[in-house]
Every structure is written in C-alpha cells, then in structure tokens.
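Take a look at the structure set out below.
Naming follows writing order (A, B, C, D and E), and every chain is counted from residue 1.
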Amino acid sequence: MLFQDVVFWLLTVMAVGGALGVVLVPDLFRAALLLIVVFMAVAGFFILLSAEFLAVVQVLIYVGAIAILIIFAVMLTRDVQRGNLPNRLQIPAAVFAALLLAALVTVAVDTKWDFLPADQQARAELVQTSAVTTLTAEELTEAGVTSPEEQAEVRESGLADLLISDYVLPFEAVSVLLLAALIGALVLVRPDPGTRRG
Amino acid sequence: MVSEAVIWSIFLLPLASFAFAALVVRPFFNRYSLISGAVTIAALGTALAFSIWTLRSVILGHDLDFEPIEWLVVGGATIEMGLLVDPLTAVMLVVVTGVSLLVQVYSLGYMKGDPSFSRYYAYMSLFTAAMLGLVLASNIIQLYVFWELVGVSSYLLIGFWHERPAAAAAAKKAFIITRIGDVGFLIAILYLFTQADTFAAAGLNAFHIPDIWAAAQPGFAAGALLGGAALTWMALGIFAGAAGKSGQFPLHSWLPDAMEGPTPVSALIHAATMVAAGVFLVARFFPLFQNSADAMTVVALVGAFTAIFAASMGLVMNDIKRVMAYSTISQLGYMMAALGLGLYAAAIFHLVTHAAFKALLFLGAGNVNHATGTFDMRYMGGLRRHMPITYILMLVAGLSLVGIIPLAGFWSKDEILLGAWNGNGLVDTWVSRVTFSALIAGVIVTAFYTIRMIILTFHGEFRGGIDKELEDKAQTAPAGASGHGGVHLAESPWVMVLPMVVLGVAAVAVGYLANPQWTEEIGIPRHWITGFLGDGLQAAMGAVGHAETLDFSRWMAGISTVAALSGIGLAALVYLRRRDQRADPLERVKPVHTLLTQKYYLDTLYEDVIVRKGFFGVIAGTLDWIDRNLVDGIVDLIGWFFRNIGIAIGKFQTGQVQAYATGIAFGVLAIILALLLA
Amino acid sequence: MVEGYNGLLTATVFLPAAGALVLLLVVKGDRNVRNFAVLIAFADMVLSLVVFGFFDRSEGADRFQFVDMITWIPDVGLNADFLLTVDGLSAPMVALTGLLGMCAVLASWRIGLRVKEYFVWLLVLQTAVMGVFSSMDLLLFFLFWELELIPMFMLISVWGSGRKEYSAMKFLIFTILGSAFMLVAIVAVFLTPGVGTFNMVELSTQATMLTSAGLLIPLSGLFWLFFAGFAIKLPVWPVHTWLPDAHTDAPTAASVMLAGVLLKMGGYGLLRINVGMFPSQTDRFAWALVLLGVVSVLYGAVVTMRQTDLKRLIAYSSISHMGLVLVGIGSVGISQGTLTVTGLNGAAMQLFTHGTVTGLLFLAVGLVYDKTHTRYIPDLGGLAGRMPVVAVAMLIAGLASLGLPGLSGFVSELLVFLGAYQAYDWPTVLAVLGIVLAAGYILWMMERTFFGERRETFDNLTDASLVEAAPLALMVVTIIGVGVWPTVLTGVFESGLNPMVDILNGVINP
Amino acid sequence: MSFEAFLIVSAVLFCIGLYGSLARRNVLAVLMSIELMFNAVNVTLVAMAKYLAPAALQDDISSVLTGQVFAIFIITVAAAEIALGLGIVFAMYRTSGSVDLTEATQMRH
Amino acid sequence: MSVHDFYVISPYLAMAGAAVLVILVDLFLPPRSKGLLPYVAFAALAGPFVMTLIQSYDLGASTSLLHGAGAFATEDPSILLGTLAVDRFALFFNFLIIGSVALVVLSSADYVRNMERFQGEYFALILFAATGMMLLAAATELITIYVSLELTTLPLAALAAFLMNQRSSEAGMKFLIIGAISSALMLYGMALLFGFTGSTQLADISAAIGQATGDTPFGNYALFVGIILMIAGFGFKLSAAPFQMWVPDVYEGGPTPVVGFLSVASKAAAFAILIRVFFTGFFDVALDWGILIAGLAAASMVIGNLVAISQTNIRRLFGYSTISHAGYILIGVAAGVKSGEGVFRVPEFAAIGPDSVLFYLAAYAAANLTAFFAITIISSKISSDQISDYAGLSSRNPVLAIVLALSLLALIGVPPTGIFIAKLYIFTAAVDSGLIWLAVLGVINSAVSAYYYVKIIRVMFNQPATSEEKITASPAPWLALGLAGAAMVFMGIAPGFVMEAAQEAVKALAV
C-alpha cells in the first residue's frame, strides 16, 4: 500500500497547495491555472477511490470546460492587472473558515462511521470500477463473486444504469436545469443593454 | 285634609313655570317676556295657597304620609321619590313660597327692561322649585338631588349677569365651595347604603328618611342600627353639607361674593332658599344628631364661632349688601348653634323670623341701589329724606335683626339665648356656656353694624352715589353695580314697595306666633310654634306626648336687650357725631380694621395660597409636567429606541455580497456553538 | 344554546358598511354624499333604537336576544361562529352607537375635503363598533375590534388638525399593541382543554369552563392579558397618553366617536370578558382595578385642570371619568355580604352616559372651533351672549359630567359610588373627591369660554344652525331623559348583568 | 490513507474554498473558490461511497455507487452554475464596468 | 419508466414543457404580436394545472400515487420510488405554485412590453423555476432535493439580473453567489448525512437517525453538523435570519414581478421541503431542531421588522417584511413539535403547526402578490420605488390605492384578510405547543410592523400628489391584481376551504 500512500500525500499537497494558491495569489490568471492543478489532484483522488469514471468526468468537465471558461472570463473582463486582491473581510473569513474546519475535522474523527464490511470490499470494488460489464465469469469468481445470480447482479449494476433507473428523476431535472441555465446565460450575455428600468 | 296631588303641585307648579319660561317664552316669545313673570307669580301664588292649606291640615294633625314612587331600583338599592310632610316641612313650605312670591313681585319692578327678563324668571322658578322639592323630600337621595339642584340654580342666578367676570367667578366659587361640603353629605349616603342589608332585615329602607330616624333611636325595636362613631361620622358628613350651603365657618367665603347676583336673588338666597337649606338639612336629620353628643358639640361650636366671626367682618364692610351677607352668615350661626344645643324649635323659629326681616333688608338695599345706582355706602347717606318708606321699613327690619322687643327677631333670638343659658343635657355644659357667651357678644356686634349701616345709608347728607363713585375710581364698568346706573333719588315704584310692606308686617308680627306673655288675646297659645315643631320632632323620634317648651325669662330678655342697646348706642355715638362724613371712624384702629376688611385673609388663603399656588401651581403643575414629559416621553423614547436599533442592524447590510456570506457562515457557527453549549 | 337567524342585528351592523360601499361606487357629488350618509346613519340609528326598544326586558326573558348565528369557520382546529346577539349589557351600547353615529355624521356637515372618502370611513367605523358590541364570538369580536382601527386612523390623520399624523400613529400602535395581548389570551382560552370554542355566550354563561386545570396560561395571566387590551382602550392610567393627542387632533366627528363609543369598547370588554369570563380573577384583583381606577380619576382630573385646549381638557376629563368605570367594576371585590349589581350597573351606566355627555361636549366644542377658529381657552370668552344654544348645550353637558342630579351623569356616578363604597370605602371616598375636581375644571372652562367679557372679534359670531343644533338637541334629550328616568337603562343593564353577578356571588362566598 | 484522511483533506479544501469565497474581491476568484468547495464535497462523497456501508447494501449491491452518482450530479450542476455565473458576471461587467465585489454595493442598508 | 411513472411526473413535465413551448412560440411570433406571450404562457399553465387536478382526483384516499413493491401485483414497482412523493402535500403546493405563477405571468404583461427582446425567455425562466419549486415540494431524496433546489435558484438568478442594468445585475450576482455558497454548505451537510445514514432517501435516513443515540445534540456529530449545514442551505431559500441578508438587495434590484414571485412561490417551496425533510426525515431528533427553528423564527421576526421601520424604498421594505413573515411562518414549523411526556422525552407531532404553516403560506401568497402587482403597476408608471413618490396615489388611482392599502393591512394581519386568520392560526399552534413566549413575541412584532405598513398607507392617502397623471394598466395586470386581492379577502372571510386542504396535505406527511 506504500505506493498509494505516497500518491495520496502527493495529491494532497497538490490539492491543498493549489487551493491555497487559488485563494491567495494576487494574479487572477495564475490562480485560474492553479485551479486546474486542484482539479487534476481531485481527479487523482477519484482514481485512488476507485472511481475512474468520475475521474474522467472530472477532467473533462472541470478542466476541459469550467476552468477554460473561467480563464476566458478572466481574459475578457480584462481585470487581470487589478488582480485578485483580498477585501476587508479577511480576518473574519479566516476565523470562520478555521472554526468550520475544526468542526468538520471533529466530525470526521469523532463520528462512529459504519464501515463497509471486509467481505463486501471486493464486490464493491468491482461495482465501483464500473468496468464490470466486460469482466468474465472467471475474473468475477476470483474477486469472490461466485454464484451466477450474484455475478448477474454485479454485471447489471453500473452508474449508467442507476442514472436511468433509480435516479431518473433528478437526471431529467438536471437536464431541464441545464437548459434553463443555458437560456439564462444566453439572455444575460445578449449584446443590447436592454431596458434600464428597475 | 289636603290631598297628595295638592302637595305635589306645590313643587310642580314652579317647576312647570320654569319649563314654560325656559322652553316656550325664552326661545320663542322673548319679546313678550313679561308673560314669564306673570306665570311665575301665578304659580307661586297658588303654591303659597296650597302650602298654607297643607300647614293647616298639619296643624289639625291629619295623617299625611303617602306611598312613595319607586324611581330607581338597582340591585340592593331602592331609591324612592316621596313626600314627607311634618310640621317642619309645612312651616318651611309657607316660608319658601311666601318669601319667593314677594321677591318675584318685587322683581317685576327691579328687573324691568332687563334683556334676559324671562331667563331670570325661569331661573327663579327653578330655584324655588328645587328648594320646595328639597323640603318635601322623603328620601335622602331625593333630598340630595334637589340639594344639588338648589346649588346649580343658585349658580345660574349668581352668575346671572354672566358677561361680568366678577359674577361668573362668584357663581363658580359658590358652586364649588358648596360642592366640597356636599362630598360629606354624599359619603354619609354611601355609608347608609352599606347598611342596606341590616335595614332591610329590620324592614326599613336605608334611604327613607323616617326609617333613618327610626334606625338611629336607641329605643328602636331592633336596637339602634346606626350608632357610635359611625353615627357621629355620618352626622358630621351631613353637617359638612349643611355648612357648605349655610356658609358656616370654613366654607363661608362664597356667600359674600354671591352678592354679584341681582339683589332680589340675594334676598331669596339669604332669606328662604339656599342658606336656609343647610339649617333645614340639620333640622331634618336632627333625630340623628341628637344621638351623637360629639356631632352636636361640633355643630354648636361651629355655629357659635361663625355667629361672632361673621358679625365681626360685618362691622367694616362698605358694600351694603356685604354687610347684610355677613349678618346672614352670623344669623345662620345662631341657628346652627341653637341646633347644636338641641334647641330644634327655636332654631327653626329663628329661621322663619330671619327669613322675614332679612328679605326685607335686601329688598331695601335693592331700592337704595335703584336710587343711587351703587351699593357702596360711602356714596350714600341722607336717603331718608328721599325714600322715607324704605327708610322706615329698613329700620324695622334692622331693629328686628338686632332683636329689639317687641319685634320678631327679639322673640326668636331670645329663645335661643335662653336655651343656650339653660342647656338641655344633650351637650356638656361648657359647650353651652361658651356658645351662650359667643351669642351674647354677637348681639352687641350685630346691633353695631346694623345701626352703622342704617346711619351710613340714610343719615347725614347724600354723598353722590354712582356718579361720584365712578369719578373716584375712574374705571369704565360699574364694578359690582347692577345695570341700574345713574342716580335718581326717589322712592321705588309700588310693585317694589308693596312686597316690602308685607314683609315689614311680617317682620313685626311673626314673633307673635311665639311666646310673648300677652298673646292669649290674639288666640294663639303660648309657645305655640315651638310646641308645634317640638311635637313634630317628638313624633319623628317615635316618642309620644308633647315636647316641653322654655318659659319666658325676664332676666334673659333684659340681658339681651341691654346688650343690643349698648351696641346701638355705641354705633350712634361713633357715626352720628363724626366730623368727616367720608371717613369711617373704625379705620382709626388700623390693624384690626385691615384684618377685618381683609376678611381675616381667609379668601387670600383659600384662593391664592391653597387653590392657585398650592393646588393648581404645585400639585396640578407637577402632575401635568409628569404627564407631558415622563409618561408621554417614555412612550416616544421607546419608539425612538426601536427605530434606531433597526437602523443599527441595517448598518450590517453593507451591500457587499461577501458580508452576507460571512453572515451565513457566522450563523452556522453560532448555531453549532449555541447547541453545543446548550 | 343560542341559535336561529333573526337578521335584525346583521342589518344593524352591516348597514353602514353597505352604505359606505354604495357611497363609494354609486353616489356622486358632495351634496348627495352628505345626504346619503345622513340617510344611512339615520336608518341605522332607527335600527339600533329598535334593537334597544324591542329588547325584551321582562322577567324570565332570554338573556341573549336577536340571535344571528351561522357557522363561520367549520370545525377544523379553529372553529368559529358568526354569532351576533345582544344581551342587556350590549343593547344600550348598540343604541348609543346608533345615536352617536347619527350625531357624528351631522357634525361632519362642514367637511369639505375629500367628502366621499370621509363619509365612507365614518360609516365603516360605525359598522366596526356596532360589530364589537353585538358579536358574541371571540374571534368575530376581535375581528371587529381590529376593523375599527383603520377608519379612525384615516379620519384622524387626513381630516385632523395639529400633529395629526403623530397622534394617529400613536393611537394605532397603542391599540394594536393592546389587541396583540388580547389575541394571545383569546387563543389561550380557545385552547384550554374542554373549551375549544370562541363562543362568548357559552364562555360567559358557564364561566366555570375556565378553571385553572390544564390552562396554557394561568387564569390570572389570561385576565391581565385581556385587561391590557381593554385598559389601553379605556384608557387607564398610565397607558392613556394616546388619548389626549388623538382626541385633540381628530376632527369633531371622530372625536365624538372616539370618546363616545370607542372608549366604551374598553369598558364593555372589561365587563363582558374580564368580569363575565373570569369571575374568580375579577374578585381576586378587584382591589387592583379600584386602585388603577382611583388613580385615573384623580390623576385625570388634576391634569385636566391645567389644560388650556378645550378638546384636550375634555380628553383628560374622559380619563378621569373612565376611571370611575374601573371603580364601579371594582365593587365586585366585596369581601363580606352578597354582591349586588349596583356597582357594575353603575359602571355600565357610566359607559353610556359618558358616551352621550362627552359626545355632546365634543359637538359643542367643535362648533365653537368652527366659528371662532380657536380652541385655546385664554383666547375665548363671553361666547354665551353670541351663541346661547351652544352655551346651553355645553352647560348641560358640563353639569352632567360633573354629576348634577337630573342629568344622566349623576345616576351612573351615584351607582358606582354606592356599589364601590361597600367594597372599598376609603378609595371610593378619594374617587368622590374627583367630582369636586370635576366641578372645578368644568366650571372654570365654562367661565373662561362662555362667560365673562367678550372680545370684539367675536361680536358677530352666529349661533348654531339647524343642522348643527340637531345633534346637540338629540344628545341633550338623551342626557336629560336618562337623568330623569334612569330605569329605562338600568333595567336593561341589570338583565344583562344579573347573571354575571350570580356567578360572581357563587365565587365570592362559595 | 484512511477514510478520515480523505475526509480531512476534503474538509481542508472546503474551508479554503470558503475562505476564498469570503475574502476575495474579484467575482471570478469567488466563483473559483466556490468550485473548490464543490470539489471538496465530491471528494467526501466518493470517499464515503468507497469506505462506508450503504443502508441498502444487502438487497442492492449497486447502492455502493450512490455517492458517485451524487458526485456526478454535483459536477453537472456546478457546470451549469458556472455557466450562468459567468453570464451574470458579464452582465455585471457590462453595466458597471467592474468585477470587483466591493464596488458592487449600490444597494445597501 | 412505465407509463404510470410518466403520469406521476406529468405535472412537472407539463410545466417544463410549457416553458419550452413559450420559447418556441416566441421564435415564431412576429415582433408586433409579442404582447400575446403572457397569455400564451398563461394558457400553457393549463397543462400542469389539469394534470395536478387529475392527480389530486385520482389520489382519492391513498397517501401517494407511487406504487411501492407489490402495491399492485400487476404493475411492477415504480422506479421513482424514493425520489418523489406525489401526495396531497405535494399537490397542495403544486396548486399554490401554479396559481402564483399564473398570476405573476399575467401581471408581467405590461412589464415585459418595455423589453425589446427575450420576452419568451423571461416567461420560460419563470416556468422553469416553477418546475423546480414543484419538484422541491415533492422530492423525498437528497439528490433530487439538491437538483430541484438548484433548478429553482438558477433561473431566478438569471431573472434577477434580467433587466441588464447595474442594480439588476448586481442583484443577480448576489443571489447567485449567496445561493452557490449556501448550497455548497448544504451539500456538505447532505454528504455528512449520507455518510452517516448510508442513504440519500428520507425514509432510510429517518430510520437510521432513529438509532443515533449519543449525548451530543442530534445524538451524533455527523448528524449534528450535517443537519445544521442543511438548515443553512434551506435558510437561504426561506430568507430566514441569519441567512437573510441577501433578501433586501435582490428585492430592490430585481424585476418587480420576479421579486413578487420569489417572495411567494420560492418561499413556499422552501417551506415545503423544510417541512418534508425535517418532519419525515429528522423527526426523531425534532426536540433538538425544534428549539433551533424557534430561535430562527424569533430572530427573523425581530430583525425584519426593526430594520423595515427605517426603509424608504418600498421594494426594499418588502424585502425586510418578507423576512419577518418568514419568521412568523417558522413559528408554525417550530410549533409542529411537542415535547412528549415521559423520561425519554420523545417528540410528538402536532399537526396544527404544519397546518398553520400551509395556510399562512397561501394567505401570504395572496396578500403579498396583491401588493407586488400593485407596486408593479405603479412603478412601471412613476418609475420609482421611493415610498415618498407614492404620495397622493389615492387621487391618481383610488382603486389601486385602496387595493394596495388593503394588502398592506393584510400583511399587518388586520381582519378580514387571510393573514389575520393565518396569524391567529399560527399563534394558536404556538401556544398549543407551549411556545407562548414565541407567540407573544409574534403578536408584539405584528403590532410593530403596523408602523411601517401604515406609513405607506398614510403617504398614499394623506400627502398631496406630486403629479396629476393618472395611473393606468392593461387588463392582464388588473386581472391578476383582482384575483389575488379576491383570494386575500376570501381566505379571511371563509378560510374553511383552504384550511381543510392544508390539513389534508399535512395528513399525507404521516409522521
């Protein structure tokens, strides 16, 4: 497990360092680049957490879309020289963030979590590395999924299936949401200043 | 035997004439205002006739108790309106209607041409009606009702010429001061109601006057329901009311000011109605007083003190009517003292005689004013040549007031003095002794100021009347003078003289109703009136048989006569032989004179110190300040406070979005913390 | 227990509102508006007098008559009825409202500003007050109670004078605050286990419904919450400060309604709810009521002495006279013996008589102000010569308010004193002093305003016209009538109060 | 590399993001910080999916994916949010000529 | 998805479809007849309305339209199970939201006329937001809740910034950023919750919470922090203190009809989800959050009212007023929890609390919309929101003035309007659950609120008009105004109908 540990700490440093950079470096452009570093680190975490599919999505959407969008925005608003200055709320912000962190850490440490039983680890692993459909029966049996119905169950279960079965409603809702957001953005970036009434 | 309706109509006739004058004549036929006068006189004439009829049937001993009418029944309180006809009532009826009638006739001349003629008669009728109702009342609350009505109609009459500030002020003063006394009366009534249950248990009505009498008698079947300290306090409460109306010592100061009203009004007030009401009230509840020696003592001493105290102020007054006013107060003092000493009959008798000659005196003053236009005696003098009849009449009345045998005043005053000397065990002897000496002294003073008044008015030579007065104190409006400006020295018209003549006869004759030794010829028994009234009292107290009456004592007659003559002589000495017609010889004794002219500074004390400075200035001022600044200020302060709290909170709304986000973060942490600590 | 639908009260209560609606939508032109308003007010007065006149006051007649009852909110956690009915206590109040409503409309003849709107508000106000006096469902009662606020607020703040907006707002906030407390109490009463109803008839006829078992708020708490609401309205020292401002700055008609009927709502509430529903607490706290009452009487009277504005003077005198209502109610604190209805009846009478008397006073003052354009007493004087009618009216009202026999004021004050003295003798004696003070300020006011020398500026004043004299006459007749023949009222009041007194006696000496 | 470690890291990320969103002037920086917070939440969710036993583990093995599903939705919504956010930023920039939040305080108190 | 499932979500689909429809129509409408758009949108609302009507008819006695496993042997279980509940509760809010959307659409008729373009988008966004709100009221699963919450927030943000002027875009920006931050907080809370309970479905969550027994509040740190973070997220939508500060700014900057919509529908939806989550999900720890909600209620009332006193801009004033009303309504939520007897002090459900909340929301919707429609009409004429510019309104348009005055009185809680009954109802609930202090605070606050509401009335009626120009509007806004006003008064005079509906709805929660 050593290797993974090393990776984890590496990623942690990347993520935290990058995040600090995002909120601290005065140059907005560099901040945006650092944000990409954080996104990559998070994608790394996802792989560590055996969520390869999510990692891919993360890279595609965040790095590929969001970060680029932001960088464009930074360019367009031409406020780079003004930079990424802090406002008068630094101290309270820091204090509150610290306090919240304390609270969250307490939660993380003191809560009695209900962990996944060891015997289920392997199956969960299989299901989560959502390549299950391509696995052969032998590989499944190696992973301790012996009985055929179990194998069938594991084969059927995958993110995509969930999205169109159990979570079909939020799935549809989110599509509506995307449409709405699209329209909204479209209206807001329209050329004409529109009417001035408030 | 007189019927109930007749007795009621004695009260209702004047009331009707009031309604007629006020609601018909005044608004619609004010041009023919004479009608109202005629109507009033007609009503009063009838009332007088009925009263005499009533008196007669009382004398004949007819049984005259009638069923009262229920006026108001609320819970335990049953308030009735009824007739109580006993000798006292009967006598008072005659006196009131008689004097009132004469005054009304007199007013025909006196008020001639006054723009508010019918208003005057309306008030007068109301006044008389109220007094009659008071006399007839069989229920203490009914009595209180008319008591207050008397007060308000006197208020209206004193302030009759309301455009005069002095008149308006005097009216207000009269009403308020009498009101102060009434509080005592009212509280006495309230106390009675607390006993309503016990009364009811004994089959009595706590407000029915005869029942109250009965309840106060030790000999009462169910034992005395009223007694001890309670009875005393009740009696004193009633007396407070009486003192207010009759101008007894602490509450006397309104009476002299009441002269601001038209003179006939003064005559009525002073002779028959207003001030008599006080004495009547005490007499009415005499059975109560009699059972409380303390109360009697108070009444006697207050009366005695008032008698001498008021008379002393009468010495120095220059306004003829004020002299008479103080003499009234002091005579009322005599009556009160008499009542306090248990001389019930004598007091009433004196009330009767006094009614006669005091009315006469005032009407005379009216004549004088008619002639000279003023009331200030310093501008009169020598009038006997111009108006002899008035002079004679006033002389008779004056001597009667002084108590010169054989005039009416002598007999009544003599009864009182004699009784005071003897005492009758109701109060301690020292009380009767003190009272007696005060009264004797009073006789001398009375004689002095009466003669001074007569001399200043009618003797010497004329000193110019109103015109002179005006140029002396160069002011525009004739202060305290009636509308009859201008001097025309002549006898008044017959409408005014005639009633005076009648009264003059009365002032001489009334005494013979009483105890002269040689009256068998006339056919009146000795001590007739005192006996008559005394029996009435006996009956009221549930006792039977005749009240014993005092024997005529030559010694006492002699003493009082001597006292009177000495007073007369002194006055004659001082005033007939003075060099300067204008100056008042009494002014030489400066301090005393000022003290007296300043009325012992009592008015100053009352009005300036107590009312204006003390009450209005300090108490009312403070409360008013508190109300404006504290009570109200606090309210405004609260409003201001909240508004500013709001503004303060609003300041956090800096408009910067991250401040709001910080707010959220703070909120979350605060909640977590709060719940952790809770 | 009470049901059926008679309809008379519904008509009486809602006629003015309906009239207002018609006025708003149909009637055009100031003249027509005035006439129409008078018509409505007159009709409503007649209706209210019918209610009063046909109220069966004979022995054994129903306590509650002219019942209009339908279910308002069905039984869903919050069941309330639309229940209009009058008993002996409220019938005279309804009549009073009718009378004063008429007077108010007539007194508004000279209003020139936004006439239509003015009369609309006035009529709505009348509906609200009528509703308060005749609704027997706590929720409905509260509804009308609140409904009255806005018309009065508008009347003061638009057509008033002086610091009108400040006064109007003060009036509003005070009253709403008071009714806020009342609302909590109402809710708590409703939720008391075993109650579950807003029906005041049941609540007051079986006052034992509210026993301290299972109450959400202790009985004393409920009592004082209600008291707070009514005390502010009455008003009682020290929460009276809204009153002088409101009275002074309101237009004449509003002052008439305010002093004439709105204050009465407070006293009525005290009798109806505090005494009627909480007999034990009333008995327990009677001393406090008397105390507050006496303080109000004396404080009000003394402060009145200092007032130089006619309306303000009358306003403060109202505080003093309303104190007597409390004193009268305090007569239930009688320690030994059986309580008689006297004191309560006095309190009720005082409500009515003070309504008429103060109404008349404000009418007269309004006329004085119309003619002379000042209410500042030192500027006035000698008006009696020029305007005898007004002077006579003022004098009668004044004498009535200082308790002169033969006028209505005397009866109520006498009854109050008779009743209260039995329970609390010395406080009552103090209260009696109040009537001397009353004589003081009333006569002082008369002297300075109507008597004495007249200024030249007033030499060509005109007396009240017929329209102006009509309301005066109406009130004068009422005052003298009640004063001479009080049984016409006391009898009715008694029929309403006796049941309460019976319950009270049950509490006082069990 | 325990579960708590992931949780703590994500918590740190989250709080840094919070700090940034509170303390930066530039609206774009704030948006970026918010994205940080969302990422932190995602890490948490996925970690939970990996380490913790879902309630419905026995009858439905696929419930171990719930956390990941949640994360997917968050990512999508975040994308939409950023798109709209940038739109608003442009509007704001166009009307007021600035993206500095301390200057966008026309409405206050 | 079976046909049945489509039928179940048909109202939401129809709502979203209406939005799309409006855009399509907008594309094909010639510019001069754009004025038809509001009516198109209004007509399009018939779809969701009818579907909701049918559903509420079909619902009959059963609690939810969703067939659980084995509900009918014939049909296979709905795959929507766990994410959605179509019960009376949801339907009550469907009606409420559809109703207010309809009115808002009508009232915008004049308003949008001054926009050259994008009128279609304007209405579409409103309808999208409405879809989100309806979903929110029905959602029973954290992911769905989150998504539908965002579905309400984002379009509203776009709408707030719609006017393309400085204030408007500032308002949009503030709304978006605060929304994002608070939803991030909420997400973390949801994550913790999910982590602890192992599920995102309220049913499982409440089951799991039942076991949590620790001495910390809510029995467990994860729950503790998680629930509070979720409260933060909801609090933003409820505009309850201390999450309220964005409200006045957005109200001042956004387009008036949108603000009205925001203040009514989105608040209603937020309360719907609050009640749903806390009463069906977290009820076992109700004693802990009950007092917390009570505290929020008190804070919201006090802050809202006190700050409102000194406001001069009417929309800003309404921002604060809506905060205070959120406070009143929260009283009802807190009153839903009674601490039971016994040693363990298990919470008891007091249905009257949620009942009163639902009734209050309806009454508030009517009154507040009336006010906002009047303000819309006025401000589009006098183009100002300063209260001082309302002087003499009574002469410029008496009817409008009277209606506005009525709605203001209604907001105070003066009879005979819905809110009077509603307040009575809510305070009743509070007293019933032993929150007397809160009830007293509430009534005192409503007394204070009278001050600033009446101030507006005074300006309208007492002060002389600055200009004599009459204020007019086209039929549509008048219709909206009339309907809202009628509803406002109707609920005051005959509240029974709505009350019964509310009680039925709350029964569906079946705690």
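We adopt the following convention: a contact is a pair of C-beta atoms (placed from the backbone, for glycine too) under 8 Å apart; a residue touches a chain by one contact, two chains touch by 3 or more.
Just so it is clear, the structure is predicted and the values come from calculations on it, not from any experiment.
Ranking every chain by how far its Cα centroid lies from the centroid of chain A, the top place goes to B.
When each chain is reduced to the mean of its CA atoms, the one lying nearest the mean of all protein CA atoms is C. Chain centre most remote from that of chain D: B (centre = mean of CA atoms). When C-beta pairs in contact are tallied for each pair of chains, A-D comes out on top. Note on chain placement: the centre of chain B and the centre of chain D lie 98 Å apart, centres being C-alpha means. A straight line joining the Cα centres of chain A and chain E is 31 Å long. In terms of their C-alpha centroids, the spacing between chain A and chain C amounts to 72 Å. The centroid of the Cα atoms in chain D and the matching centroid in chain E are 25 Å apart.
Shared interface positions of chain E, defined as residues touching 2 or more other chains, are 143, 146-147, 150, 154, 157-158, 161, 164-165, 167-169, 172-174, 177, 181, 188, 192, 195, 198, 224-225, 248-249, 252-253, 448.
Touching of two or more other chains is recorded for residues 87, 89, 92-93, 96-97, 100, 103-104, 107, 113-114, 167, 170, 174, 177, 181, 184-188, 193 of chain A.
Across the assembly, chain B contributes residues 650, 653, 655-659, 661-662, 665-666, 668, 672 that each touch 2 or more other chains. By the document's touch criterion, interfaces exist between A-B, A-D, A-E, B-C, B-D, B-E, C-E, D-E. On chain E, the positions that touch chain C within their shared complex are 352, 355, 394, 409, 412, 414-416, 420-421, 423-425, 427-428, 431-432, 434, 436, 439-440, 443-444, 446-448, 450-451, 454-455, 458, 461-462, 494-496, 499-500, 503. Looking at the complex, you find that chain E touches chain D at residues 142-143, 146-147, 150, 154, 157-158, 161, 164-174, 176-177, 180-181, 184, 187-188, 190-192, 194-195, 197-200, 204, 207-208, 248-249, 252-253, 316. Of all residues in chain B, those touching chain C in their complex are 71-77, 141, 144-146, 148-149, 152, 155, 159, 162-165, 167-169, 171-172, 175-176, 179-180, 183, 186-187, 189-191, 193-194, 197, 615-616, 619-621, 623-624, 627, 631-632, 635, 639. Per the touch definition, chain D reaches chain E in the complex via residues 14, 17-18, 21, 27, 30-31, 34, 37-38, 40-41, 44-45, 48, 52-57, 63, 66-67, 69-70, 73-74, 77, 80-81, 84-85, 87-89, 91-92, 94-96, 101, 104, 106-108. Residues 173-174, 177-178, 181-182, 185, 216-217, 224-225, 228-229, 231-232, 235-236, 241-243, 245-246, 248-249, 288, 291-292, 295, 303, 305-310, 448 of chain E are the ones touching chain B in the complex.
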